[in-house]
Each structure stands twice: as structure tokens, then as C-alpha cells.
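All chains are identified by letter, namely A, B, C and D, in their written order; residue positions are counted from 1 within each chain.
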Amino acid sequence: MTLKCDVQYGKGDTGFKLTKVGVTGVRKPVLVQRERATPLTGALNCSIDIFVDLPATQKGSHLSRNVEVLKEVAYESISKPVSGLENMASDICKKLLVHHEYAQTADVRIRAEYFRSSKTPFGKNTLESYQLLAGAKVVRGAIVRKTIGVEVIGMTACPCAQQTVKEMLNCSTEYPVISHNQRNVCTLLMTMDDNINLEADDLIDLVQGVFSSPTYELLKRDDEGQVVINAHSNPRFVEDVVRKGLKFIVEKYSNLPDDVEVLVRSESEESIHKHNAFAERTATLGELKGEASE
Amino acid sequence: MTLKCDVQYGKGDTGFKLTKVGVTGVRKPVLVQRERATPLTGALNCSIDIFVDLPATQKGSHLSRNVEVLKEVAYESISKPVSGLENMASDICKKLLVHHEYAQTADVRIRAEYFRSSKTPFGKNTLESYQLLAGAKVVRGAIVRKTIGVEVIGMTACPCAQQTVKEMLNCSTEYPVISHNQRNVCTLLMTMDDNINLEADDLIDLVQGVFSSPTYELLKRDDEGQVVINAHSNPRFVEDVVRKGLKFIVEKYSNLPDDVEVLVRSESEESIHKHNAFAERTATLGELKGEASE
Amino acid sequence: MTLKCDVQYGKGDTGFKLTKVGVTGVRKPVLVQRERATPLTGALNCSIDIFVDLPATQKGSHLSRNVEVLKEVAYESISKPVSGLENMASDICKKLLVHHEYAQTADVRIRAEYFRSSKTPFGKNTLESYQLLAGAKVVRGAIVRKTIGVEVIGMTACPCAQQTVKEMLNCSTEYPVISHNQRNVCTLLMTMDDNINLEADDLIDLVQGVFSSPTYELLKRDDEGQVVINAHSNPRFVEDVVRKGLKFIVEKYSNLPDDVEVLVRSESEESIHKHNAFAERTATLGELKGEASE
Amino acid sequence: MTLKCDVQYGKGDTGFKLTKVGVTGVRKPVLVQRERATPLTGALNCSIDIFVDLPATQKGSHLSRNVEVLKEVAYESISKPVSGLENMASDICKKLLVHHEYAQTADVRIRAEYFRSSKTPFGKNTLESYQLLAGAKVVRGAIVRKTIGVEVIGMTACPCAQQTVKEMLNCSTEYPVISHNQRNVCTLLMTMDDNINLEADDLIDLVQGVFSSPTYELLKRDDEGQVVINAHSNPRFVEDVVRKGLKFIVEKYSNLPDDVEVLVRSESEESIHKHNAFAERTATLGELKGEASE
């Protein structure tokens, strides 16, 4: 039986084009190549949003084609793991423009949990959870711009409260002074042309260094003490966290083109407030290089 | 005792400026004028994000000033209720540039639950919950751009599944044919110069009309049946929901300037899938007027 | 037109009785008497779950009656504010058994945000956000058991890390030693016969005292320093937080009957880990009195 | 350097015992045996809560031991995949009582996303996402009671609205009549002695049959139509969903002991309301067998 429903091809009665039409929150496991892979870290469980635009002349987008493209890409990853979620996003974008012949743009966003081994200050092995963020956008005929990113949880201790306490207690101690400290979520996103390849592991390594201290799933007593000492020896505002990230990016990626777009964000779940502290910079790598050299 | 901690005024060691520094998730009740206010709908419980930018020459932003400004504005609302959350956001923006003398930009976002009476198809009174969205941004020396918006839950029935079922069952019935239907969240945001005033109630009225049917807290049998009949007599894709919203906006706000920015978004929690369907248009009112007249 | 659909009254084909049938997540503003009320703290925006049981002989529960009862109770609060959310829950329970003539039990749960003024260490006024929890359960013919509760955010500093750091640094300082500190959410629930009346404000006062320090929306420098000093002078595990709460309850409510049920829970968003620390005690007040006197 | 901090071993100053002390939200990948495993479905990413009780005589629980036990069990799963999350929970419980020599009870809860292949009405392969729920509790000296469970998303169409519409339209059609339909989340939990072994896949198969229709990630036109037809040919209240689940359990697990505890829950994200409909039964298998035979 051939169904002839062509409701989607009909002309919408209102005649407006649409910027993004698609599906959100599709769950899909995907096999990804990883240098540090272990049997415990096989497929990544992805949450995926997929959009194309829609011209004024067409009533509906064929949403099932988005899921078909995704299904095909995920299935192919079994025999040939994808080289990175951002490359998978780029691949999906290109296929979307083939399957949606009426679309001029495609836009894909992916989020997945990622486990990676880490080492505590005293060298014990732990396995830490991170979020990988990836995406890609394309305009028909132009080069795909893809985004690679990570979201990392660390710890910040406040430099201002530390200084204030020192004055209030009239401390002349050589020991690190008390302050408030808390969970901090730092996000790093880099957007660039499709032909540039970065490693998510490198971004995680970079972000691990921006906090007052990284955090760990398992800390026996000496490691717990050392994390606290480290954090209070490196007190940082959310502003400092972002700037440290920007500095590291300019240092590590100085060879990348100036048109790479960078976002660094730091959000602290303040222990002394019920609300959060927040800092963010969005800029091109070119702008950041310029500011770094001043 | 005068504390001299001036950590924030110190020069950051990295020298990057920051785009947004502030606080997120501050909870604050605010009294707002409402035409349809009842004793049950007094203050709005707001969740508020407040940001300013930060020059490269300064280490930290004075985050407590953000909360002080907010506290003052909320307190003043007791004697003189604010005329709208978007106007409160605008007011906060202006005050932020006074209190953060180093800042060039300010950015405020507000979300609050809002209850309003509604009527079922057979005229029973109900009280429905909506989300109000508001915001404002300003660059020092320029006019404030403010955003007024609403998020409304309604119901959509799928036109394509309805047509397919009709073919599959070879229906020649005059009655509305079965389809899948589900919760749909429709978001409308309008951004404009500070001196233009819109009513959130008008935006809610407008969005109530974009669904296959509005939804209600309380439906006795006849009303429940009528809602189902209405929804299946007006089957709509997420694309249709957005376009209907755009059409209503062009009709109702044709007298507003072309540079008003419009966002209409529709997200359906598909009953036949575990993921959502999504459509969105972002455009200036000028672009929309142009497309409407084609 | 009289609709005769009596699907709900039909016998379910499977013949099992059901423990709880109802509605969840109903949003409703309710006017509540408050000693410390201000114009900014009018109606409470409640999220409400309402259940009754269902005998094996009946196919469906009449869910719209749950919302009707709720609507009536909320509407009556306009002319006569309810004396507490737990009393409203109890009232709804009693009405449910009238409206669901087939039900033997009723169960109501309510959650609402609540704003209340507080004072920083140096006496500045702030407005803090709390969660009120309330509930009631009844078996037909028996007395209603109602629950009054609060959820409060505070701050804990870890005593163990503090001690460890002291040893690692070989500190002989008189000043409080550094430790990790973080947001802690403390929940207190008390369940009792309908005729006993407690004040949610008293429970909040009690819980404010269990943390290493309360937290505040607005802290200028001296207050921020003092909160940090206070927290590190009162380091507390999640276990200590719960036990402090139990102690306060036994002291304050020694005159209440032994069959009052108590739950105290403390969950810390650990700054040194990506996961939380958790402690909880559930007991009758009689058991707690016994343990306190040992 | 040997740190001698024994803060946890100190006597708490308040002398209350605690019911549950531990960690919540620990993220950990674990390798699990699966009959239908594919390369895309390797390790399960678990969120784990681990608790023991604490006597009045001890100040603190050694929380790091919880994570150590978990780490060991997860690591061992690399060489020998665990036979089920509920068996892993049971194993952790037993180890907890060894490592917390002062504890009398242990309690473990696990949640993980699980992907499994499914087939649409017309036989197309899809991959669907489910939630596995598992747990175990033990009192020192007694047998471990473990819980195996699943959370499945499906679709329900309302029988009452369908009947009402039929009356309102005076339909004499042979075709299925319109109704409201929506996402339904059905949860099934079974708790039993440690030595009984069930398969999570069997529970998923069972729950797939309780809805008006299962749902699928990918539905081309004919399958979409068939799902809609199936759903409206099997209209079900949340009450029906739960009872169907109870019936299937009694049929499939009649050989299990009467003291197996059963929970079946169904929550519908009503398309005609902004709130949910809910039904639940908790009972022993013995009680259910009795009701089924009446």
C-alpha cells in the first residue's frame, strides 16, 4: 500500500519561512574513537537536536528524515567509530541537506556524558565524569562550521572572602586563610571550519587547569586535605576561571585561524548564597590573541 | 571597621575583558500591576539573572551590587508596583550602569510564573499557569532594548497522521479522524526599544490561539469532549503553530517599528515518540511584514 | 445535553484495586495566613499532588473531582486565608472522601516557595527563599495525619578535612583552619494528628540553626567574611546537621505526643566531589526523646 | 605520612543514631551481561546512591569507603560483567557491611539508561531508550532483598473522552473515535530475596504491552498511522495501564514467592491539561495472586 499523504509538501496557508524545524532530545548511543578508551567507556549515550530551515512555500519538514540520518550515522559507527562528536555533527549536517532538498541550512547539537581516568594529588587513579558538547551548522554551498566543547565540574575558592577574613582576623599566618569554596561548572566551546581537528581530551585537560582545584570521585584523607590546600592556595573568582581558560586557549591554539569562535563560561554554585555567580567571554580567537599580546 | 579588601579592583593577571559577569538564579518576589489581578495573584516570584561586562583592566565585578540593585527595585514595587517585568528589567539595566562605573553593557533576564483566569469551551472558569519571560540589554549611551515574552502550554493534533489514518482506513466519515496529539509549549519573545509598551496579557491571548486547542486545569465531561473535537478539527504541526503566531503578530502589531525582533517557538512532546518536535522563527517585524504581504 | 459516559464506573476487566489514583503537578496559588507577611509575600504558588485509592470493582477514578476540590479550597482562601498548607492538605483530604464515595483513603502533597526576611551577621535585612512542604493522609473513619515541613539551603564546612589540613600543615594557629564548604539542603518533615498545630516559621527558624552557617542573598564584604568565619568555627558533617536538627526538635517539641513522626535529611553538594553527601533520620518523636535522654 | 584524623570515629555530641548516611548521584559506568547486547550498548552509565546506617556512638560514616566499594565492583565488571544491576546492588550491600563494621544496614539504589532494539508495527528496526532501576537493602545477618525495575515511555489514549466524543457527535462510525492521547511513563519495580533472578529485558517486554501503544524513535508514514490506530483501538486510563501490568505480572511470575513486593505506576503527561494523571499499586505478589483469582 502506498500512502499518498503529502501534507508536508502542501503550501502553508501563512507563507512564512521558518528558521529551524526538527527534533530535540533524541537519545542515541554512538561509538567514538578514544585514545584513552577502556572497556568501561564504550559507546557515548548522546542527546541530539537536529534542525533544518523550511521555505515559505512548504507546509512541513519531514522530521522522520532527521532520525533516519541519525540512525544511519550511528549504525555506521559500529564498524567505523566516529572520530569525534563534532565530526559526526558535521557529517549529519551534510546528509541533512541531501535528504531535505528544500532546506538551505542545517544545524545539529549533541551532548553526551564521557568518563575518563584522572589522578588525585597523591597519584591515586579515579574515573571522572564530563559532558561533551558538539555541534555543526551549514548553509548550502558553504563550508560547515563545527563546534567542539566540554563541560567540566571543578572547585573554586573565593579570593575576596579570603582577603576580607585575613583583615577581619588580623591574620599574619603563613597558612592559607579560610574562604568560601564551591562547585564550579566550566564550559568551553570552540567553533571552526570543518577541516580543523581538535581533541576533546585536550579541551578537558585545559579546563582541568582553570579551577582553584579539580575535583575527584574518591579522595582518601591525605588527598582530601591536599585538594583543600591546593584550592585555597589558588583562590579564583568566576572571572579568573574564565580568563585562565582564555589564556590557555591562546597559548595552546595560537596556530589556529583567527576566525575560530571561542566561548568560556564559569558558573559557581556559591556556598554562601542560594544563587550562582557567573562569568562568560565570547570572542574570536583573533580578538583573544590581540588582547593577550597587549 | 572599614575593610579595605579591593581584590576586585586589582588588575587581572591575564588581561582579557569579559562579556558577561554576574549572578544567576536569584529568587525575588516583585509586585506587578495587572489588569486582571486577583487576591490570588499578588507578587510574581521571579528567577533573575543579572550581568554586566568587565574591562580587561579590572580583576572582578562587584556581584553584590547586582543584588543590591535588584533588592531596591523589588522593594520599591511594594509602594509602586512595576508596570511589567520587561520594564523592571530595563530599570535594573540603567541602574547597573550607574553602580558598575566600569561597565559598558548590562543584561537582565527574568522568568516568573503567572496565573490568569480562562474559560473552557462551555464557559466554565479556570485558572491557568503561564510563564512570563522578560529581559533588557543596554550599551552605555544607547537606548535600552527590552524583551517581553510568554511561554504557554497548549495541545497539538498532527495533520499528517490524521491524513494517513484516513487513507489507511479508507474513511469517508464526516467526523474528525483520529491522530496523535500532545502537549505543546509555545514561546513568544518580542524585543524592542525601551519606549514601546506591550502587555503580556495580549501576548498570552495571542498564543492561546495558535494551538490545535488551548488546555485547561479543569474539564468536566462535555468540555473534555469539546477540547478533543476542537483539537482534531484544527490539526497543526509545530510549523503551523509558529506560522500562526507570526501571522497574529503581524496583524496585531503592524504599527510597531520594523526593527522589533520576534521569536516564535513551538515544541511538541510527541505522544508517538520519546523525543520532541520543534519549530522556530527568529526575524525582525519588518521581515515578517514583508513575507506576510507576498 | 446530558452526557452519559460512565466509563469510569464500569468494572475494570482485571479486578485489581489501586493504591493511589489522581493528579500530579497541579499549579495553584493559595492565600495563607502569615505572621511575617509583607505585600511581596501574598499567595503561595503551590504544586499539588492529589490521590485517592480505587476499589477493584471500579474502572476509573474521577480525576476532575480532585481538581474541583482543590479549586474550591483555593477560592475560599481569598476570603479566608488558610492557616497553613498542611491544614489545607488535611481539608482537601476530608473533602476527597466525600466526593469520591468509593475511596477509602486520600493522600495530598503540596510544595510551595516561601519568602521570608532574614538578618545577616551584621544585621542587614535580606529576603530569603525557602520551600514549604506539606501533606495529609486519611483512611476513611480514622483521624487525618498531616505533615508539615520545610526545605532550607545553608552552608556546611567539613570538620574532617579541617582536621586533616591542620595535621598536614602542622598548624598551631588559633585561627579557624581551611576546609571544603558547600551548599547544603536540609529537609525537616513532621507528621502528626490533624488537631496539632505547628508553625512553618518555627521549623525554618529551627533549621536555620543546624548548618555551619545560614546563607544570604546579599552579603557586603564584612558580612561575607563573617559568614565564612562562622562556618569554619562550626564545621559540620551532614551527620552533624541531621543530629543538630533532631536535638532541636526534641528540645522544642518535647510536649508533642510520642507518635509524631520525624524526618530530618541533609544533602551536601560537595565542593571536592561531583557527587553529594547525604544523611537522614526517620523516627518517631518518642524514639528520639528516648535517645536524647541516654 | 600517616594522618591520624579520626574525627569520624569520635562520638557525636548529640547521641542520635542515623537511618541512612552515604553518597548520592555518583556516576559510574559498569559492564553488564546482556543477551541482546550490541557494540552500541556496552557499559551502562549508572547514577548510584549508597547508604549505611550509623550508630549513636559514632560521629561520622566513612563516605569514601562507599565509593571505594563501588569502584572495585565496577572495575571487576571489566573482566567479568555483572549479571544485572540488581545483583551489583546486592553485591555492594554485602561489601558495605564488611567495610562499615559499625553499620547494621546497607541500602543501594541504581539508575541507568538502557538501549534496546525494537520493531515498529510494520517490522522496521528501531533502537529505543529505557531506564533501568535497581536496588538492594540488607540488615546485618539477614538475607539481602533486591529490587529490579524498569521505566518505559509509551502512549495512552483516553477511553472516557473517546466515549464522550462519540455521544456528542452522535457517531455511529465503525472507525476508532478521536480522543486525547499522550506520553505515559510506566514504572515497574519487583523486590525479592537475593537468590531469585529475573531479567530486566522480560520486565521491559511486559511493560511494552500495558500501553495503548508502545512508541518508537522512527516512524515512517504507514507505521505512524498504525500506531495511532492501535492506540485508539486500545484506549486506556492510567488505571488500566497499572492493572494490565499487574495482570501480566501475576501471569508471568506465578511461580515466584508470595512475599515478592510489586510496584506498578503509570503517569500520563495529559495533552488536555497542564498537569499529569497518575495511578499506582503497591502490593505483595501474594495479594495480587489473590485478587486475580477472585
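By our rule, contacts are C-beta pairs under 8 Å (C-beta built on N, C-alpha and C of every residue); 3 or more make two chains touch, one makes a residue touch a chain.
In this text, all values refer to a predicted model and were calculated from it rather than measured experimentally.
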From the centre of subunit A, which chain's CA centre is farthest? C
Which pair, A-C or C-D, has more C-beta contacts? C-D
Per the centroid of Cα atoms for each chain, what is the distance between subunit C and subunit D, given in Å? 26
Between subunit A and subunit C, what is the gap in Å from one C-alpha centre to the other? 36
What are the residue numbers in subunit B that touch two or more other chains? 1, 3, 5, 26-27, 67, 129, 160, 164, 167-168, 217, 219, 221-222, 224-225, 273-275
Tell me, which parts of subunit C touch subunit B in their complex? 1, 3, 5, 26-31, 38-43, 45, 64, 67-68, 71, 74, 77-78, 113, 115, 126-127, 129, 217-222, 224-225
Over in the complex, which subunit A residues touch subunit C? Could you list them? 128-129, 153, 155, 160-161, 164-165, 167-169, 171, 173, 175-183, 213, 215-217, 219, 221-222, 224-229, 231-232, 269-275
Can you list the residues on subunit C that touch subunit D in the complex? 1, 3-5, 7-8, 12-27, 49, 51, 54, 56, 59-61, 63, 67, 159-160, 163-164, 167-168, 237-240, 242-244, 246-247, 267, 273-283, 288, 291-292, 294
